[in-house]
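The chains carry the letters A, B, C and D, assigned in the order they are written, with residues numbered from 1 in each.
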Amino acid sequence: MQPDLSPEEAKMVGLAREIARRDILPIAAERDRNYPPDQAYPWEIIEKIDAAGLRTLTVPKKYGGFGARHLLQAMVTEEIAYGDLGVAVSLDQTYKFTRLLTDETTPDQRDRYLDDFLNDTRALLALATTEPQSGTDTFLMYDEPGAGPRMSAREDGDSYVLNGTKHYISNGGLAKYYFIFARTAPEKKMSEGLTCFLVPRDTAGFTIGEAHSKLGRRLLQNGELVLQDCRVPAENLFGEWNGGLAILRRMVSGALIPVMGPSRLAYDLALGAARRTGLFSEQWARMALTEMYMLIEASRTFLYSAAWHGDRPTDDSKRRLMSKVFASDAGIKVCRMAMEIWGKTGDVYHDDRPTPEKCWRDVLSYLHGFGTNEAVKLKAAPLLAGEGEEEW
Amino acid sequence: MQPDLSPEEAKMVGLAREIARRDILPIAAERDRNYPPDQAYPWEIIEKIDAAGLRTLTVPKKYGGFGARHLLQAMVTEEIAYGDLGVAVSLDQTYKFTRLLTDETTPDQRDRYLDDFLNDTRALLALATTEPQSGTDTFLMYDEPGAGPRMSAREDGDSYVLNGTKHYISNGGLAKYYFIFARTAPEKKMSEGLTCFLVPRDTAGFTIGEAHSKLGRRLLQNGELVLQDCRVPAENLFGEWNGGLAILRRMVSGALIPVMGPSRLAYDLALGAARRTGLFSEQWARMALTEMYMLIEASRTFLYSAAWHGDRPTDDSKRRLMSKVFASDAGIKVCRMAMEIWGKTGDVYHDDRPTPEKCWRDVLSYLHGFGTNEAVKLKAAPLLAGEGEEEW
Amino acid sequence: MDFAPEETHLALQRMANEFAQKEIHPIVEEIDREKDPSKRFPHELLEKGSRLGLRTLAAPEEKGGGGADPLTLCFVGEELGWGDLGIATTFALDWCVSLAVERLCGREEYARLLGDFLEDGSAHLTTVHIPAEPKPEDRPPYDGGGEPAPVRAERDGEGWSISGAVPHVANGDAAKGCLISLESPRALFLLGAPGMDGVKTARFYDNMGMRSRQDVDLLFENGRISEDHRLVPAGGWDEWEQRVQPLFWILPCAAALGTARRAHEAALEHARQRVQGGVPIIEHQTVGFMLCENVAEMNASRRLLQASAWAASRPGGTESRDDVLARVFISECCERVARRSMEVWGGAGYMTEAPMERYVRDMTSFMHADEMAHSLRARAMTML
Amino acid sequence: MDFAPEETHLALQRMANEFAQKEIHPIVEEIDREKDPSKRFPHELLEKGSRLGLRTLAAPEEKGGGGADPLTLCFVGEELGWGDLGIATTFALDWCVSLAVERLCGREEYARLLGDFLEDGSAHLTTVHIPAEPKPEDRPPYDGGGEPAPVRAERDGEGWSISGAVPHVANGDAAKGCLISLESPRALFLLGAPGMDGVKTARFYDNMGMRSRQDVDLLFENGRISEDHRLVPAGGWDEWEQRVQPLFWILPCAAALGTARRAHEAALEHARQRVQGGVPIIEHQTVGFMLCENVAEMNASRRLLQASAWAASRPGGTESRDDVLARVFISECCERVARRSMEVWGGAGYMTEAPMERYVRDMTSFMHADEMAHSLRARAMTML
């Protein structure tokens, strides 16, 4: 149904919308095209976002945040993503892992880190699982010895020593605090030997390797995390020793992706072009535009519905997972159609204006982001009704 | 979001669900296969539906009905359609035209017909526009002289005399009261010379011609209406003289189709088969089933969202129109995948059990039902944002 | 390279087209309407076709057959499918088994094994696969209480004893010869008319489409196959899998293409006649683009099919992976063509009085008539 | 019918494959990374190719060209596209214009008109269409303030005066010869090197893919074409539209197919190496089915292309409607193949260090490089 937002919630969505259009959209094309991957992130904008109260959107009220529910989070990131998907994802990752930082840390960890996170206007969060040898294995929790992350952590006196490399990590190089998963019983399966650690960026032995250059979503930094004898104090053990998989399971149980932000932008750019050039008088263009509208509205209602349930007992991981698959496919189609309407200029890079081709490049990241779409389907399958009918 | 039903509303959905599974589903295959088109409708079931208060669901409370909003209507018809789509459509048509009968009739017309409609447990309604020469023309309101319905109505003393033939009319032959559109200024365009008449089935000169035999949705009767010097009293003029197009415009502004009823049945049949045969262990079957789930959930949230807005100032015809296009395409895909999972038996007729092939045949009716999908897109196109951005 | 059809292709194409028009078209609607699936098989029509040489078109000329190679058969098959998909696939199955026997055993053995088939104008051929373990695909999708046990073969002296049911055998009740592929041990047999006596038709399926064809469960009750029935010496299985079995995938595609073409022609005709919005609907992009898709998919399908069939006509030429995938590709294209064609007719396409919904049922049944698409893809995957 | 490639096809295929491997592959990544679109055109490489005969492969043998027919060119084009799509389509455009001039004017006129092209190893050809009215498709999609006026031709004594901008001309800056099709009155001209002097490159587009090719706006400032430049006598327009223009749709498709194949090969290789879930991912249906789709769509595309090219190689053989639709069908297949191949690589496919995202950009640009799919369909619709 129509999201039944409170006036305060509606205000946050409005602020996000304003920042996206006023501050992000005008600079996104230039940064996408001309900035190296490790310098593309617009830090000045995250400060505006912070000033609007949007960086700490999901921080509980008792800590001074907005305490946003999943639905609001989905709507805010969609608005930000209209400006740029990369900026939205950097924020979305932070929103998700804020819940770890505020609710699942020990009192000691909160004492040490929460204030800093709240006060540092540029503090972002990241979670790191993917490694060169293990992507889908970790996502699907292929629980065999040898499968999954290889990064190791061993106890050494009052601390843990981590060694290994993560890659493709969203906010890798941007985030101030990292939730990092390492093997603590290397010979065992993930379910028996994976542990999560809270690692601040300034930890000795922790460096950012390559900032990956990508097809799209280029304002977001996806970084390589290189941990060489990285020593983390024992107090930074996050969750249970050898209990990392339970955390991972919750964290990858379904993303509410802000993919409709760029899709809506592409639609707006296409509709404007169709009217301006006169193509709107052709039936195919009218059919294409209504299909785009349809895919956007179907995706948004599906995503919002999954988010709405996210705060309720009816929360359902398969609904969230499959809304990601649906919306990413739909978004790619929408942007592709927008490019078609832009005609021969549809594949041209521009530094100085929004284009559907950037939307398309950005959105393509969701073919693999938060699990390849095929892997997500396999992840959702065991959650289908066991016996008899689905509880629709 | 989750439909926020009141307990009374939830009860109605539950009753519909019960009747669909207990009374309709067990007899639907046999009737689909073995009954001639003019005898396939299960009248005994409409009596059960009536007894449950479901036939008069959309009758305002002041007349003794339930006064259902659009959302409830969409949910009830979806549940009924799990049993059989044809039965659901006969009901859905009645629901829609009930609003004409209760709200737009003259006091005199209400005096003469409303009690009978409320009390006759088998009274259904129909609206007739389609003729052999005009389908999409009427739907898209191609407003040129000669285009649109050809049926004529001329004034003759205290009555109107109607001549012509309608075809493919849903509930044609089942309904007790018909809203029939005829040309009252034959040389003029539809916008200037189309008028609606309220015609009871027992009117002299009104006969049911062929009951069309169809690929699917066979329990519903689609009938030919033959009007030969059919004399209707002057009091049965419905709406304005030559003002029929306005009524038509509201009536075909977007259907909330119950297509997810058969789609859900097909999904249940496929999931059961996949588990029973062991196919569920194959990745392709798991992918197919999660895709089916995804398409069903995306369609339902989209349809419900359109229905929810239907009772609000935010009601939006293009959302309703495009949810029809989306859900019909999605439903066809779902049923087709269910047939694939049934393997070589997927294309076999059965008299004695529900099959995905019947779901598929039924759902295919929505390629053209309530406007061919391509025509619906053209109808929605002018409603896309005029200038600037869509109000999402 | 030369893509021009040869004179013999064109001559046979004309003959088949004429047969379709004069003999098949007049009776297909009645067959489609017949409720009893055991009464639909058009024996008389098939015998007429047999007299024209259609049934034995693939048999060696020296044995009285037509000697047509797979490429030639595609030309004929498309026209027959333009007539009716069920009838066309019945002939196609005769051709496939006939070619298989010839290729695996040579012409002398052919006469011994298929002599009855050659002489009896009412004889048809079929094929049955006996898997080592019953496959999930072969289990009934609903609760199969009371279903006969799935077929199995057991060594029994010099031969094998076969018992149990084989589901969904095409034209199984009309067959007087059956090619049996035994997965364990990999071996092929031809059970001729006498051996078929012990095989019962346990059930006729009432399929939504291709209703002129039979789809039956065959029940073997202590059936026997012996070395006499064996087609190839041990080790010939590879030849079967790579060179012969692909024929069973691709030849029926010609028939499917014919049916798709017929649906498209009907859509084209309708689109030229039907006026909405002041012009024939073929002038609307809503309709014109759909018809363009039809043409593109049919052209691609036909070229792919011809290439596969041409390769299959040459010694050692076929590529099993490509043939399997061509089957999936073509059948999916043809299904879309039929459905799009029905859409062009709007509401009228959904009505039984128009032919459109039948073409859609036929093409949909085609997707269920042999191995399913997912199963073919799984097979092709191992050959990537 | 004979689907076997001829010896000359195979020999040229090998040559082109070697050129792609040794000369093209080493430099394409650097070209792709170059930010300035005016600096990407690989003059040196193209001259190397010219020395191998690639540039003039379609020119008559007696004039020193390769004399290759469209079918042969498809074999070569696919290998060049396997090397790089931009470079391959540059040669393809040379071939198209060369064939057009030969077909429309005969070989004697050819030498007069294209003598410079034959002799100058750095000369390339292009084509420009001057519509009677500017089409919506040719307008910039954004607010075009300051855009030059669209091109128009005006009768001026014996010739025409041409002024204004032609958007998105392939290799326009490198062209020393330009085939001009004037819609009103229907006439064709070839503007040679001297005439091109008055034509300016007004803008280089920075395309996402096919970056080794030029995509420019050409600005005519009181350009002149005269009867000397005219290719055919009045009335030859039909020949152009039905027999010659289709070459411009289909020949570049061979290059697209080559790029799709290269993406698929990279996906296949990755799928064999990458282990997840305990086995190489090629053994998962999630991946294997995608690779099967690739094979099926490439096979269908290649067969369709060869059939079109073969027909175009014969007198009066081509069917313009089918060629137009083949262009749309093949390019859409190839785009899907490239995207699926990227998907097989998962997250790694999205990274610039892997080649996969470049193939996807290249194939996507291909869909925008000539007439758009919708426009081609609209054209085909009128020929249903």
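Criterion: a contact is a pair of C-beta atoms (placed from the backbone, for glycine too) under 8 Å apart; a residue touches a chain by one contact, two chains touch by 3 or more.
Predicted model only: the values in this text are computed from it and were never measured.
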* Decide which interface, B-C or B-D, involves more C-beta pairs in contact, and give its chain pair. => B-C
* Asked: What is the chain whose Cα centroid lies farthest from the Cα centroid of chain B?
  -> D
* **Chain centre separation in whole Å, for chain D relative to chain A (CA means)** => 39
* **Rounded Å distance between chain B and chain D, as computed from the means of their C-alpha atoms** => 50
* By residue number and range, which residues of chain C touch two or more other chains? -> 285-286, 289, 377-378
* Structure fact -> In chain A, the residues touching two or more other chains are 272, 282-284, 287, 374, 377-378
* **Residues of chain A defined as touching chain D within the complex** => 130, 134-137, 140, 142, 144, 147, 168, 212-216, 269, 272-273, 276-279, 281-282, 284-285, 339-350, 353, 357, 360-361, 364-365, 367-369, 372-375, 377-378
* Residues on chain D engaged by chain A in the complex (per definition of touch) -> 136-143, 167-168, 205-209, 215, 276-278, 281, 286-287, 290, 342-343, 346-347, 349-353, 357, 360-361, 364-365, 367-369, 372-374, 377-378
* **Footprint of chain A on chain C - complex, ascending** => 284-286, 289
* To do: Enumerate the contact residues on chain B facing chain D in the complex.
  => 282-284, 287
* Would you mind writing out the residues of chain A in touch with chain B in their complex? => 1-4, 71, 264, 267-268, 271-272, 280, 283, 286-287, 289-291, 293-302, 304-305, 308-309, 312, 314, 318-319, 322-323, 325-326, 374, 377-378, 380-381, 384-385, 388-390, 392
